[in-house]
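Common to both upcoming complexes is subunit A, partnered first by subunit B, then by subunit C.
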Partner chain A sequence: MGKLQASLHVRRRTLLKAGVAAGALQFASPFIIRARAADILKVGVDNPLTGVYTALGKNENFGVELAVEQINAKGGIVGRQVQTVVEDSTSDKTDIAVQKARKLIQSDKVDFLIGNVNSSHAIAIAQVAAELKTIHIVPGGHADAITGASCQWTTFRVCNTGAMQGNAMAGPLVNKLGKKIYIIAQDYAFGHALADGLTKAATKAGGTIVGTDFFPLATTDYSAVLIKARAANPDVLVDLAAGDDGINSIKQAVQFGLDKQLKIAGMQQELEVVEGLPVEARIGSWLFEWYWNQPNVPHVAEFVAAIRKKTGKVPTARTWFGFASMWSYALAANNAKSIEAVKVAHALEGLKLPPEVALMPSEPYFRAEDHQLVPSVFIGHEQAKGTVDPEDLFVVDQVVAGKDFMPPASETGCKLVYPT
Partner chain B sequence: MKNLEGRIGTIILWLLLLTAPYWMPLFGGYTGLGTRVLVLALAAMSVNFLLGFTGVLSFGHAAFFGLGAYGAGMTIKYIYASTMLGLAIGVLVGILGAMIIGAMIVRLRGVYFAMVTIAFGQVFYFVAFRWSSLTGGDDGLTGWKRVPLDLGVTQIDILHNDIAFYYLVLVCVAVCSAAMALLLRSPFGRTLLAIRENERRARFLGIPVDKHIWMSFVCSAAFCSVAGALYAYLDNFVDPRAFRWEQSGDFVIMAVLGGMRSFWGPLIGAAVFVVLQDKISSVTDYWMSILGLLFVLAVVFFPRGVLGVVKRKQGL
Partner chain C sequence: MTQVILFNVLNGLIVGAFYALMALGLSLILNLSGVINFAHGGFLALGAYLAYSLAPYLGFWGGLALAPFLTAALGLIIERVLIRRLYGRDPLYSLLLTFGLAFIFQDALRFLWGAQSVPYQIPGWLASPLSASLFFLTGYRVFMVVIVALAVTALFLILGYTRLGIRIRAGTLDLDTVSVLGVNVRVLRNLNFGLGIYLAGLAGVLAAGMLGLSPTIGDTLIMPSFVAIIVGGLGSLPGTLAGGLLIGIASGLTAVFLPAGTEAVIYVMMALVLMVRPHGLFGDAGRLR
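After this line comes the complex of A and B, so read on.
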């Protein structure tokens, strides 16, 4: 009995102490924010700031930051100044990303939500946004489902889908590099989405997939995968791995001398990855969703200069995703003269990005049927060292306009349901 | 007198919980946060049922958490859209899983028990991760929602009204904690305490120790799968990370942080853990280090930390 009493005693004390601590904590920050003027429009940014996607998440956030500065300088959104509330979604914990989305909407009362690099996070955040009737733009989550089977009336997306990239890359692959294609990809949703997209499109373009091999995420030794690939004797080895897996697999392919025996190519490539590669492994043909060196496209140079001033580096596709996401909302809300979610959503549907936001040759627009942006993509090859600028590691051979690679909206599986 | 104080504490706790949706916004909280605290508290209390009252450390309770979550989500998605049916099936699946796993590992003790539970949790994680046609794989199980409760005479819209959902979760937590308290006060609960205090002596007294630990394991898993199902409803989403060992680790941290062996300790632990995580991560990118440090301090200064239990078990 003595033991039981002791535990009861501790229980009450612990309770009181914890109560006081939890109470005191609540006072720490929110009140300061709450005290500010009500006519500020808040934007929630729910992107990874820790874990494997840190670099990508932070670059997207830099883009958002720059857009907010420009929007505020031009008078804000429906006359209100814009302020961002940034939260760390983590790179791999979807429940935290969702918790943060709820916090941003319910506690910080943001009117617009941006996020996420991770596709799973993006899908889950989209559900919260729809539930709480808040406009949400996905800057850089690539899973087809976001503007496909899981689409929501509140959610729009700036980056491409696997199917779009497959369609865009298939022609140049088959026609220029070779008809026999071997695919290696990471064994998870993103890798499968890219591989499926490419398989369908390349077969249609007259190519043959001689083999597809999926390897587990975070593989470090690619010898088995690469030996199998060489045994299949393809014309082209398509490496669809992202992040560190992309770096390791390309590095090892080069060490094996595969680049001398066949052509190496991929689809989505990011400047963040290319910068991480050793000089000799910066090879092959790739697709960039946005590239900073576009000498003849208006406003790109200003954008690059502004980001360089802010971060000391050139903007990547991620920076542009964040920038375009923030501007898209501002343009739509200003067109609708309202921040009411249904009105902004309708204003975003079909919205064409003006040249100072588009920063690419064609005029990107949000497709009304599935809320997917229809941009151009940049196909080209990597170079070991930039000739004029050390960060110029990619040479654009061809810009493909969205109308040439977008799968029809009827194929995406998206059915938008607006609230009645 | 002590008993009375304990009761007053419990009453205050329940008053706070009952009124939480109304006072939390004043302190920068929001209903979703309160609901999350309750759900994770239930999971931590279930871990504590085993850890604090039977003296067995499970590092794989996420397995049952995940089974409850996937059971509930998949029921609504594939079988029939009913919140209560989902919850029931989720819990049944969790119990079934615990009965099978428990039977296999019940003879192990201490670190060995903890490690094998991690392994079983990871088995479920990889099944959910790889079987993407059924579970949605890494993208998680989406395309379903919790459905309003149909009581015959009236409907409670727990889908759009998050305060109503908070109270549904609170009712579930109340029922589960009452069941836990009753179990602990029953002869069965006393036997568990006896096993925790001195397993060898309990065995000499003729208590079938392995059977009791197995029963305790199954009970604990049942409560954990209730929490899992509610967790899936909270986000209308579940992904394979619900099964992962990190999730189990979080439950143990909450239990230790709040104080194992005390009945409400894990609830306090979950509240501190979730609220701190929510607040600190808004302020700094290094929030995980701060939480980790907090846990280290808790283990060092709480005499009944994880290490204490493991050592005691080894010493037997």
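After this line comes the complex of A and C, so read on.
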């Protein structure tokens, strides 16, 4: 009996020891994790996750996510694994977007900031990034000022400006569709940027702008604007609205039968918008900043497959914006062998995107003078139903290389001032 | 120019009729229960999404017929479980509750149907203009006006001639007396809320045929409806109808001269009405009695 008890006692002691050891291990592990934390490089993502730009913001974030997975698999940035801290900037409240940018840099201590879909947010975030000396890439805010009059040494941009798109689209518009152009656009930084860009370029190409109307953001009824546009009797109605406004205005123009009386075109069109349109409204000539169906371009198929696996859908231009933004920083920091802002900024200037990041025929690069990416654009027309794939709703008629539509850096109004 | 102005007046009436449909639902709930329903836009969006999901099985017409009823059913449940608890308290409580509900609705819709707009298909014969010169008069817009007219007529008939309607109107004037006379006020308020939400659901299905269907579809439509109520006069259903039509025309006419001001003009109008007639255009005289 006593023996049995003794053996039990020993067993209990052994068990206790094991328990203490396990506990010690538990206790020790936070130190290990903490030691790892110092090796983690944090990236702040300040994009809309609520409101009208949710779909666009989320797609950009998916692109960032995929890039982070690939970067980490290849050894990270200057040997450190990358981790994202994602915040909702909201779609329309610039003060919140700014507050989140400050929180990401000052409290979460991110080393690099990505954002924003909304141009007004992007300009405001750029100011915060410059003040706090943090590298910032704008994936998809299109207002010219971001890499123009409001440019900052810390800020770079992947998507195009209004002037770039105007220059690229003006020729095909005036030569193929008609010389008398009527423009409708949203009444904020983005709409004005596109309208100004097109007005200048189309006039230069021999076209005439017979009228331009700006309507408030999130307008639901376009009939009044369309009645006015129709009365001006243009050859082409250029619709520059983005997101839900784009869907609403095109849908109503088609219901009014305007597509049968005149040509409908636009500049920047997005797959998110086309997919939201009923089949009869998938019409017109447009510019895509990036398109997923590029059969002869290397690495595009892998990118499409990876995003499809992640989201169940094909990548859009927005997904590529996020992907290219994240990769650009990683490439520059690895080239500079540092994450010090001034060094990374200089490494980003002139950085050429390799084919597995570029995912387009030309070799895009960041222009040193204004920090604007110089990519190719895709001009073509929409189709009601995809032939090779249900999501293939755009037919690329021509790819225009950046050198053919970039306005000279001297015209952008950007003067970069580095800290002394 | 005259033609453009005339077109816009006519078009303004069409748009205004739509605002009025939403505003009537809001007004019904506000008048009887004193609840400013900020979640009305959420119910509207839900109605639209239900119709979108039902359409593959029941077609456009099945969706149009069933979705508003399903939305109203959810309205009855939400009134019973959440909103009822706040009657008799400061209106701020119900305002905060419905404000929160609006966010919950939007996120729930985003979770269920995705953030991206979905295409809501209307029958082909409705999606084209009736004549080449009056091109803005599409089959769908005329259809919308007809549906709004039918719904408004039915609503006024219900309020004027049915037991439920008479009780709702009586309750709007003096709920305590109606309660003392033996009417179950709880049921009355519940059904009235359901009726208001039915109108929101119907407005949602109609809106989806004209606009892109995204979780935020109700947000942009809800503010003109509140303005319609204030311009028409609180407590007056005919006033709400008139308010909706008036802001539709004002917005349309502004588009001729200053398209960027189409949104601002409805608030300017509201400010003017509040300065000249603080109780709204039909505040007292127009009340259904």
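One rule holds in what follows: the second predicted complex is superposed on the first by the 384 of 420 C-alpha atoms of A that agree within 3 Å, B and C clash if a C-alpha of one lies under 4 Å from a C-alpha of the other, contacts with A are read in each partner's own complex, and residues count from 1 in each chain.
Just so we're on the same page, a contact is a pair of C-beta atoms (placed from the backbone, for glycine too) under 8 Å apart; a residue touches a chain by one contact, two chains touch by 3 or more.
Predicted, not measured: the structure shown is a model, and the values here were computed from it.
Participant: Give one of first, second, both or neither to describe whether A:Ala145 is in contact with subunit B, with subunit C, with both, or with none.
Facilitator: First partner only.
Participant: Which partner, once the models are overlaid, touches more of subunit A's residues, subunit C or subunit B?
Facilitator: After superposing on chain A, more of subunit A is contacted by B.
Participant: Report for A:Asp95: first if it touches subunit B alone, second if subunit C alone, otherwise both or neither.
Facilitator: First partner only, subunit B.
Participant: Could you say whether A:Ala124 touches subunit B, subunit C, both of them, or neither, answering first, second, both or neither?
Facilitator: first
Participant: Check whether A:Ser107 is in contact with subunit B, with subunit C, with both or with neither, and answer first, second, both or neither.
Facilitator: So A:Ser107 only meets subunit B here.
Participant: With both complexes overlaid on chain A, does A:Arg230 touch subunit B (first), subunit C (second), both or neither?
Facilitator: second
Participant: Determine, under the contact definition given at the top, whether A:Val52 touches first (subunit B), second (subunit C), both, or neither.
Facilitator: second
Participant: Of all the subunit A residues, which ones make contact with subunit B and with subunit C?
Facilitator: In subunit A, residues 50 are touched by subunit B and also by subunit C.
Participant: Contact residues on subunit B for subunit A in the complex?
Facilitator: Where subunit B meets subunit A, its residues are 2-3, 5-6, 8-9, 12-13, 16, 25, 27-33, 36, 129, 132, 137-140, 142-143, 145, 159-160, 162, 231, 235-237, 239, 241-242, 258-259, 261-265, 268, 271-272, 275-279, 281-283, 285, 287-288.
Participant: So in the complex, which bits of subunit C are touching subunit A?
Facilitator: Going by the criterion above, the answer is residues 3-4, 7-8, 11-12, 14-15, 106-107, 110, 114-122, 124, 127-129, 132, 135-136, 138, 140-141, 207, 210-217, 219-221, 251-252, 254-256, 259-260, 262-264.
Participant: What residues of subunit A sit close enough to touch subunit B in their complex?
Facilitator: So the residues of subunit A in touch with subunit B come to 5, 7-12, 14-16, 18-19, 21-23, 25-31, 34, 49-50, 87-88, 92-96, 98-100, 102-103, 106-107, 119-120, 123-124, 127-128, 131, 143, 145, 149-150, 188-189, 192.
Participant: Contact residues on subunit A for subunit C in the complex?
Facilitator: It comes out as residues 50-52, 54-55, 58, 187, 213-216, 218-221, 223-228, 230-231, 244, 247-248, 251-252, 254-258, 261, 272-273, 275-280.
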